[in-house]
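Chain naming follows the written order as A, B, C and D, and within any one chain the residues start at number 1.
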Amino acid sequence: MGLRTVKEYKEGLRDNREVWILGEKVEDVTTHPMLRVGVESAALDYEMAEDSKYRDLAVAEQPETGEPISRHYYIPKTAEDLLKRHELLVTATRLGDGVIPFTKDVAGDSLNALMVTARVMGREEYIERITDYYEHVRRRDLSVACGMTDVKGDRSLHPSSPDQTHPDFYVRVVERNDEGIVVRGAKMHITAAPYCDDILVLPCRAMREADKDYALCFAVPANAEGLKHICHPMRYQQSPLEFPVDVPIRMHTESLLVFDDVFIPWERVFLCGEWQYAGTLAYNFSFFHRHTASCYRIAMTELQLGMAQAIAEYNGIERASHVREKITDMIIYLETLKSLARAACSDPVMHGGIAVPNPVVTNLSKYHFAENYHRFVKMIQDLAGGILITAPTYKDWQNPELRGYIEKYLGGRKGVPTEHRLRMLQLIRGWMASDIGGGLEVLALHAEGSLQAQRLIIYGEYQKQLQEYKERAKRLAGIK
Amino acid sequence: MGLRTVKEYKEGLRDNREVWILGEKVEDVTTHPMLRVGVESAALDYEMAEDSKYRDLAVAEQPETGEPISRHYYIPKTAEDLLKRHELLVTATRLGDGVIPFTKDVAGDSLNALMVTARVMGREEYIERITDYYEHVRRRDLSVACGMTDVKGDRSLHPSSPDQTHPDFYVRVVERNDEGIVVRGAKMHITAAPYCDDILVLPCRAMREADKDYALCFAVPANAEGLKHICHPMRYQQSPLEFPVDVPIRMHTESLLVFDDVFIPWERVFLCGEWQYAGTLAYNFSFFHRHTASCYRIAMTELQLGMAQAIAEYNGIERASHVREKITDMIIYLETLKSLARAACSDPVMHGGIAVPNPVVTNLSKYHFAENYHRFVKMIQDLAGGILITAPTYKDWQNPELRGYIEKYLGGRKGVPTEHRLRMLQLIRGWMASDIGGGLEVLALHAEGSLQAQRLIIYGEYQKQLQEYKERAKRLAGIK
Amino acid sequence: MGLRTVKEYKEGLRDNREVWILGEKVEDVTTHPMLRVGVESAALDYEMAEDSKYRDLAVAEQPETGEPISRHYYIPKTAEDLLKRHELLVTATRLGDGVIPFTKDVAGDSLNALMVTARVMGREEYIERITDYYEHVRRRDLSVACGMTDVKGDRSLHPSSPDQTHPDFYVRVVERNDEGIVVRGAKMHITAAPYCDDILVLPCRAMREADKDYALCFAVPANAEGLKHICHPMRYQQSPLEFPVDVPIRMHTESLLVFDDVFIPWERVFLCGEWQYAGTLAYNFSFFHRHTASCYRIAMTELQLGMAQAIAEYNGIERASHVREKITDMIIYLETLKSLARAACSDPVMHGGIAVPNPVVTNLSKYHFAENYHRFVKMIQDLAGGILITAPTYKDWQNPELRGYIEKYLGGRKGVPTEHRLRMLQLIRGWMASDIGGGLEVLALHAEGSLQAQRLIIYGEYQKQLQEYKERAKRLAGIK
Amino acid sequence: MGLRTVKEYKEGLRDNREVWILGEKVEDVTTHPMLRVGVESAALDYEMAEDSKYRDLAVAEQPETGEPISRHYYIPKTAEDLLKRHELLVTATRLGDGVIPFTKDVAGDSLNALMVTARVMGREEYIERITDYYEHVRRRDLSVACGMTDVKGDRSLHPSSPDQTHPDFYVRVVERNDEGIVVRGAKMHITAAPYCDDILVLPCRAMREADKDYALCFAVPANAEGLKHICHPMRYQQSPLEFPVDVPIRMHTESLLVFDDVFIPWERVFLCGEWQYAGTLAYNFSFFHRHTASCYRIAMTELQLGMAQAIAEYNGIERASHVREKITDMIIYLETLKSLARAACSDPVMHGGIAVPNPVVTNLSKYHFAENYHRFVKMIQDLAGGILITAPTYKDWQNPELRGYIEKYLGGRKGVPTEHRLRMLQLIRGWMASDIGGGLEVLALHAEGSLQAQRLIIYGEYQKQLQEYKERAKRLAGIK
């Protein structure tokens, strides 16, 4: 065993998992025209380990054995470890042209969160099971999707509320026996699940005692009986209306995962009934995962800023004062994100020897990009001009009767070929004025938790400091 | 002559105009699958005049003759006239399910602007020609597209700058003779042009003396020789992935209009060389047209606010404090827009007996909706949830093996059918997280002029007040 | 009887009212050095009626009798009436150099709100008493302060909550007898009370049945036994560090009014126990009073914008692009306020023949200026420069050894005397970087109710429209 | 020689320097009632070195000699050195109750900037002079004020522009001879100058060749002949209207420093005519000094956040959702500042062995707090309530006839003494609704350079990255 090749990774996905897309069953995710691109993107994590250029970044040494392992499965113990992981995430996303591989990275997030939480709980059997499972994943170099968000039903109600239409809006235990448990429910918008080896299911919120059947964490193979992947379709090829580009359209699918009474053996159950720790686990996952989110956003935002600068130059406006102000605002957006993401690593919180990205700062960094993303998009759309959505298509360009007109009239600054301008507009349109662009806006808000979720954690984690600063103010006010 | 029927309007469009879409020539715009919907939307202006429910609003009386004419072609003389026009525009857009007919309305904007400008110029021949042309349009009840935005080339340069790649980035006169002039150039993102009777071409900016060949305004039939419509394709039918809805998908095309040496007789030339008035005309058009824009935005925004409230209720969150705050912010956005749009009518500027919507306030109202639109969209996306972009498709729904799971797991608040929730998400996705949604974001910024264009006018039109307020401040400072 | 002169108004204030300031009792408010300026500002309402230039604006005709009355006491019946009142308020504040007289205006607000509420309640005796009292005020041309804000104690608790330290945090009835009632409690930040003839006390919030002893509205002379005015001191003269200016420093005092078991005869009791209407009355007052607030803010903001333009010119920066952008933002701020304030009048809600400024729009206009005021101040401080707070004083200027240096080195643009620049900086500092400036920031937020109060009303008053727009969205979604 | 005591520092200030305040000459700055407090605050830098608790932080070891020196005079060579300096600055400001000592800190900023710039210039004589002067300051443990901002005159013009009223709006050389140079001009808002040993004068902007007489940097003793300190007065004692507090009111004076033909020997001249490096020096100073600014803002903001939390609790509103949202926004403001300030240290730019805080990030951090400060203040004013500016005074409180009423009626949450609430309001008012509060707002904008200055540097320093990101975008667009 040890690090797997891309080929081995793909072979592992041909295991009769039940995957649906567009209402039809998928035979082989690695060859399905839509899902294939997701598989390729996910495979980047394996490719990097094979590439001498990235190997040092992608591969770490397992401390106990000295074996090479994926850095994603190296448990961070210091700020430096977190910064190294940070660098890996940013680099992988740059290689993915703005798309994160999203398999081992989120797997590391959830496994690390589990390790931390088990220690907080202090139950030996859980510590053992999780350590075993982590070792299992690490040694087999598995990819693991993280199933977090329940479908929730009425979002104002608790999982066990009798006012919900039915009791299954949050994944729950419906049976316990000697070998394990049976679970029922559904998790939604689970990224990359159909091309991961395992699914690791976590609770998505804090719970009350009445919700204890929903306080549940377990791992399950992606091809488990009763587990259904209903995938959201995605763009995977260019349209004939577009200038052909030889860079793939990378997108991950998001699935609705239905657990139709799936059996989980006890050795893969990591929380079952300990309702007090559901929130702890969800929080710990968020610290790791929102940091991961900030990392991939850095690489995305760099690209988008590059598009903005390019189109400003092509349009001949990059020296106009209002344009420079906009570019400056975009730099501020990006560099604030970068600083926050690195600061979250530099000042970790230690839990039983594991370095957790700073809870307040990591939530800040995710909040920063999400809260301001629409404003950022608006500035790029503003620089691009209305032609962003009225430009003629590649089909018009191919028509010899029209091409001359288009080439003549849609030129920008002297020296910039009209085709370059149209191609850059096409790229911007694809990212920021399209189905994908709308999806990215929604993702900014909802992937890795809503704005409100980040705000609640920032406030909640800050109570000690608030009281400390209050005491200082009281002293200055002469209150004794 | 007099008011035309819908049928007459459509018949008028079958005149061998040169229209291209997707690189192919269009035989008949009224039957072309893509353009047909635009024609239907445009026809609403004619339908309203035939409908007893809207006739009073849609039809006015020509003062000199007492004849019934389209209210769009009634020259406003009072605040009340502007408010009545305002009401017509909002109502027509409500009937268009958020889409403005965009033919006679923008025609009225440009004709009124021409009338005002001719009086400012004080040249009798222009006043006569314009009055004649206005009467021609009014009596034949024509639809007229307004060709405003030049393709511009390097946007930091003047039309006549030798640093432009060629001299034709702004439409210009290339020949003058006894019968008329010959014009060359291209206008871009011209809405609804292929299904209008005429095109009225205006300059899009202030000009210098060197630019005088570009200071040009004229009307031309849409089928004139040498005039080519290169249309941007648009969504016109539902996809099989969508729940079927029996409301049409209304969208207008935006065209690149190429003037390949088109002849214009003198009686249709309204500006030719008088560079000092190019800016005046562009400004006057903007006052009318940005007011029109504010009106259609009111109807759109009402709909979008309705979607927000619906999905908040379906998700069970409409009583959460942060949700009410967001809804409140949206109400503030909409009601500020409404107040500004009406205030622009209530305080018109009079030019030779014509009431022009208040220049500062009308630009304010357009600026208000454009500047804040992305934030508005963000709030709705936030309320809808990530499911907005990960929801299963109608194809999944149709599959009996999957439907049960979807129906069970994607329900929201008790009592709301899952299908209703999915349909509302589909509607929101269509408007605010899609190709169309991206287009609407770009339109908010660029249709009717960029944010920067509005800011410049607001500042420019306010110089007198600035000095007056400064004098008051000086008195208070004891400066004599 | 009829309109009073300024002299009569002042004489009426010498009635042994119990007024305290700086811990000392005030003998005569009209001559007290600090309060005198407030009296003078309040007197503007009387002066305008005497001044032929403003008489038409300040004086109306009582419909029933044809007698001249203060326009503030004319019950508005149409949009035009509201617009006329609007004009009076803006004009009076301009005459007050940015300070509203604040006596008859707020009196009109509260009397009109009482009239509306009495009709909503439908209790004849209240309608009569209020009509009588209104006539009493109108015919004697009285000034009336409005006592709205209770001291509240723990602001998270209801008036009657047993968790409050004592039961008197909201004004309440402690005794009822044949002649009238006895009231106890305190109202805070009551503007101009010591130089009004009467105090009209209103509830400041909606109440529950348990709070019925707090559901209280009554009028009382300012010199009633047991009524104590504890006034907040204010700036009333220039410091020797300032360039002398011959415009008075106008400021109103805000008082803590203590009702130490004050007797109120039944004919001056307008609500007593009808807890259901406490909120109605508070709301109705807010509609009138927040409109008044918007009006005085217009005149203030004009002045502040004038200061910004002046200092930009003196500093030589008014053509820099970022400065023009800031001035443009300030114009947008002011003109949006103006449009909203007028729109609130143009679209009134009618209650029993009384025109109430549009509830949503009037709250919007107040919210607009309050929400954005700090940003507005920031822009002016930005344009003024650091010298705003480091400029030498008038004492330095008077020293002949220093004056030459100051005159030479603190000049700005050529042609602008250094003294002018220093005077303008002094004016800006006084308004926007001083005790008064800080006070104005706090007033923007809290006078006439907090931001949150306005948001709650906007949301609350909009429920019908929300449902209407939702229904439209449902139709578009194909939900039947 | 070596580290000085507080006593020695103060003695050094009694040297007949020419200091004016309120138009009068100051005999001894250490005993003058107004300036004394500034001296005490400045002395904190000396006190910390004497205090065993802070000695490790305040004192470093001079690498060449092993001697103890002020850490402010230790040239940073690594990220860790910058972080240690960061910690010293934050700690010193916490000890100063929110006010930075501002003598050795800014001295270190300017000396380090000089060292970096001399190396960039590569002129040996300058490197030597600066090294000598740095050693002079270090060994004598001097305090040094930095004279940066010229008085500028017309701010749209260059120093040498003939359109300026006179040529002395920027400090310039008026004579050169064998011993040195004679300088003329004035620097404004120079903090703490009258109680520093030396003044180090730097250019405040980039210059052109024509401006070469203004490209000037030199050090001069604070008591040099012809050097006049015209100090801005400041608050230094409590008013009788305030509850007495035994914490001093710490404020620094800002001076207008007039150089009336002051002689500077060559060994203290560090730039004279090399106009190309004026901007370099100003930029380098800004990198160090804006980082210093971010550090002291951290300590200030902690205090202000403490006040916000305290008053929310005293008012009984800290659990209201809109209050928690505001506190959350304040935490975000503070923690973003902290992360940016630390990130500027973690990623320094190296210049000849000297670690410079990251130019982009350090400007970002200063910009962040300045851009958002007014919003932060607004939130605290909002939580405090209108009583912030209407609360009775200490004089009222002392009056036995009034105290009972005040104590009863101005209480907040049960258990919080009314006096505590009034004291906390007084503290907040002092910091955020007063002359000082206004001053802090202006300082946020202008101290250490305007918002616009930071934006220009951020944009300017980012050109390389912009091009790099653009190239990535081009690749994705298929542009070759």
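As a working rule, a residue touches a chain if its C-beta (ideal position, glycine included) is under 8 Å from a C-beta of that chain, and two chains touch if they have at least 3 such contacts.
Treat the numbers as computed from the prediction; the structure is a model and nothing was measured.
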item	value
Any chain that touches chain D and chain A	B, C
Which of A-C and A-B has more C-beta pairs touching across its chains	A-B
Inter-chain centre distance, chain A versus chain B - centres from mean C-alpha coordinates, in Å	39
Rounded Å distance between chain A and chain C, as computed from the means of their C-alpha atoms	52
Shared interface positions of chain D, touching two or more other chains	322, 325
Residues of chain A that touch chain B when the two form their complex	20, 22-24, 149, 151, 153-157, 163-166, 168-169, 185-186, 188-189, 228, 230, 232-233, 241, 254-256, 258, 260, 315-317, 319-320, 322, 374-375, 377-378, 381-382, 384-393, 395-399, 402, 405-406, 408-414, 429, 432-435, 437-439, 441-443, 445-447, 450-452
Touch list for chain A against partner chain D, complex	94, 97-98, 243-247, 302-303, 305-307, 309-310, 313, 324-325, 327-328, 331-332, 335-336, 338-340, 342-344, 346-347, 360-361, 364, 367-368, 420, 423-424, 426-427, 455, 458-459, 462, 465-479
Complex contact set, residues of chain C against chain A	321-322, 325
